[in-house]
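By written order: A, B, C and D. Residues from 1 in each chain.
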């Protein structure tokens, strides 16, 4: 096999899949390495996507089918990397060694561990779940914590995001709109339930996001309360009581809920640390990989031949991730064309 | 002339007699009821006006011109005018001529109601008199006139656009019954009179038809049923009239003298309001005129439907229609009867009961009075001008340039003229605000109150009692300054300016010329397709309570389109609300007249 | 409630507590509120469990109350604390154990401040030298006395004569644990189990057979709040906080409240009386209140000391129903006897709250 | 017994206990009432705010928090001038809301 056409893509989420697909169509031989047992990353555990309620399948299926002929290594991680003049030699687990002139890192993010926000009682109270749990429930309908006929459901925005004490100063970018999406979905399933969203700021920057918000307010009657939940307590009947300040009226508010959904944020993937040191690419203070710059070369690293795609450099939406994957693939193409 | 019957009666007149008596009794009862519903003062004013020669003459003239000749309709559309006046005037003439016949030939039968109507049945012509020939000719002539009108009416039912109407009302069941019976009356009369023409005489229409019919109809047995049919058609029409749009015929004759007597709508349903509602002929001219018709969903919210719903007592719809209206007053302007749609709606709004009633006694006028200077011109910017600081700045700049000394009554806002509350039908609150503002104005010692907002101007000019203080809108005031040479305005002959009449200033206060003159001083005045009395509301009006922002958009776009008919370089208006409403959607500059004059001086 | 979730958190907040050789500093107010508690802490540790605990007659207040009432600046409080450290250093100890939660918080805060701002520590050393010619070493380990009892809970359990179990039903007693605010809310890692689910008291309760109940307002302050109580006009506010806690725990029908702070047991105890007078409301069964004990008193009961020797008679809410449940024998007539076993006097009984 | 102090009532609003029937009725009539984003433009421009503290934003919030007296108080000086409607970025028909609330208060007990 010609080593110079071989490109290693690390991470089998949507970023890695799209990057591999683009590399393939640009005439390279991408090798897609995924640490888990299946492709799709975090997106695969989701149900529907904002802002059009697109089923996840509609995104993943075309990606998966277009990867035909691409070598995919599942349950595999990078052990070490060394660089010679012309190429990188990557040692993978299970003894596989790959030589390639360029690498695309698409290792993505980690969902904030909601348990760390002890005051919300995730993992302790029976009726507290995360956004991911809720999506899983949408998919499978199985979660003992979701009651049959809830009369009140709450959403806590910014769980682990914009929170210095949780170690994450950055905004996770997608939780506001995800919370609204999930709130609407919950309201659709339980029309009788009052739905409360507790937010610090609503950051609805994308196309159609604001329409989603207006829809949630006007048509679904979801209550938006500007104030961060300070503490959650379990009541004797198993429900939870949430305390926050309604900062717009300057009064503390309390509400008893049948279900509380924590919007776990996007935090850096700790797997990046190892990869970054092997490839000698620097990390940002927030733990995400550092792009060459944050405007012009987001998908490029400081190292020649090492490119980034998606949320390994910071929180992003799916369309942004896909665009970056395409950008990274094109970056590889231009980089190697220049070398020839 | 001899009577054909030995006894001056035949049973076929019964349907007519019954119908006619019913209508007469109904109307008489109605008149009494309405008179009772008026306040004592109104009633006195109304009855006095009937005997006062000047108003009495005006009443007769107005009734003749409007009810019979439909002068206003002629102005709107000649076809429409001809159609209505041919039927109304023709019918009126036939009735008059019938009475003339009876009075001339059988004066002792005048007391029989049906004699003038069925004259040709009861009276046969034995000798040809010149008088008879002329009368018969006139009878046939006016019948022909009516029939032409009926034919036009039928055409209008299918092709209303020929008559300048895009949309017409959908008739109710009884309206349809009334309509068809009305249509039937005159062909049936023609038939009846034709069948009996060889006995009773006739003229150019009936005699030839009689000759034709007699060619194939052997005996005279057929003529009685047609007279029956004619009477029945009349009877039906009369009987349903009180419950149809045709009630407008008697009601309008009440409306005109009441209006001439200066009555105002005091109760949402009773008295004058009732006459207004009944006077609506249901023609639907207001549908096209209504700016809300820019959206299909609003087509049934114009005045004609308000009147219909009030007659039906459909409260939810009455409330919906009343609250949606922009109160631009265009329906009244185009209505040939002059039904005052906005006033009627305001009266409905005033019915509402509120759990929270505003009081302004905590507002201390002294705080405002203390801040006033001693200038003779007092400028009240008003809420809307405060939202358009460019206009306020220009007004002050023009005043400075013209060397007018002024003080500002509401430098930091905080005072409302009361017109918005009035438009919500809340008289008590309006009166309180008027009292408050009046006390400040009077304490200022000014002799001129200057307004830059037509909404304020209208209430200050029409509802405030300011004892000799001149209330003037800035468009008028600035035009004066320009004419007096105190404000030197440079005219740009290349600049095409379309002037938009704000509803409150134009239709509301009748000010059309001064702003145009002022605009002409700065550029070339071009007109919108509809202008002056017929200008189209910008859609921003405070008159509407329920129309939401997004639903006003189409109204604004339609009005903008109208303003751009003359390809202007800019739209000039004299209202801060129009200016900012247009500003949201216009692709050419929209300026207040103050801003225009300020920039050109 | 998922118990494993709590255990996971507890495992995150473990604290190193040396087994022996402590320099003990007493609380200012406990000695008058519940004088037997500190006595029995020393007695249990020294006599029963054979630990070396030293205390000096020269130690003073830590300045915490004055500091939290905004009457002295922190630097003054630091100098006072530095003197305590000097006493400890002079006595040859390096582990400091405090009786008072506010002292514990005060010491912790000062040590953490010095860690961040060493220049402040240098200045305080200078102050101390100037004022009393003393020098000090900072304690190697700082613990609250309840930490120590937590550490020794199993040894106490092994010697227990009674357990926190209802004698009649065999059911574990329902125990509300109330942790003093200054224990771990400022520095969660300095407390056993952290700030959200501290296990210092719940660990004792469970080791001695009880069952801890988790009620919504468990985190809430007892209401003392220093200034809030000390200014009479604010006392309603202080009591309202306590009221809120009782309202919240009421549906769980707790048998006893245990606390590790000087102020908390006092206010949780006394306000029950005031609330009963003002609102006519009591929280225990049949018009009784909920007994509020210090952890030392609880340890003493478990170990079989006489309730009246433990000073339970100075509580407003009568402990008798609790003693009955645990099957602890007591002599009702000896309740108000002095140390000389002679009756002092019998206090008047409240109108609403039943106190046996 | 008088201790010289009393329990002070909690200032917390219990969202599930607040009677929001009037707000719900308002939203049925004018659904735009739900779309307020609390920007405060209406309060800043309000002609009556200096007299009675009028603010449509606070009005909507107070209705949702059961602060019925506050609503009544701030509405007493509204002149319906419509500036709030003009400045609202969400295009909320604030004048309709004001008039509707004033009408709905007909059924509120114990109003001033």
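Simple rule for what comes next: contacts are C-beta pairs under 8 Å (C-beta built on N, C-alpha and C of every residue); 3 or more make two chains touch, one makes a residue touch a chain.
Being a predicted model, the structure only gives us computed values, none of them experimental.
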Legend entry - Between A-C and B-D, the pair with more C-beta contacts: B-D
Legend entry - chain A and chain B, separation of their C-alpha mean positions in angstrom: 65
Inset, instruction - Starting from the mean Cα coordinates of chain B and chain D, work out the distance between those two points in Å. - result: 40
Legend entry - Length of the line joining the C-alpha centres of chain A and chain C, rounded to whole Å: 46
Legend entry - Inter-chain centre distance, chain B versus chain C - centres from mean C-alpha coordinates, in Å: 87
Legend entry - Sites on chain A at which at least two other chains make contact: none
Inset, instruction - Please set out, as single numbers or ranges, the residues of chain D touching at least two other chains. - result: 32
Inset, instruction - Mind listing each pair of touching chains for me? - result: A-C, A-D, B-D, C-D
Legend entry - Contacting residues of chain D [partner chain A, same complex]: 11-16, 27, 31-32, 34-35, 37-38, 57-58, 61-62, 64-65, 67, 90
Inset, instruction - Enumerate the contact residues on chain D facing chain B in the complex. - result: 32, 45, 47-48, 50-52, 72, 75-83, 85-88, 91-93, 95-96, 99, 101-108, 111
Inset, instruction - State the interface residues of chain D toward chain C in the complex, per the touch definition above. - result: 1, 3-10
Legend entry - Residue ranges of chain C touching chain A (in the complex, touch as defined): 1-2, 5-6, 8-9, 194-197, 214-219, 251-252
Legend entry - chain C-facing residues of chain A, complex: 115, 118-119, 121-126, 231, 233-236, 241
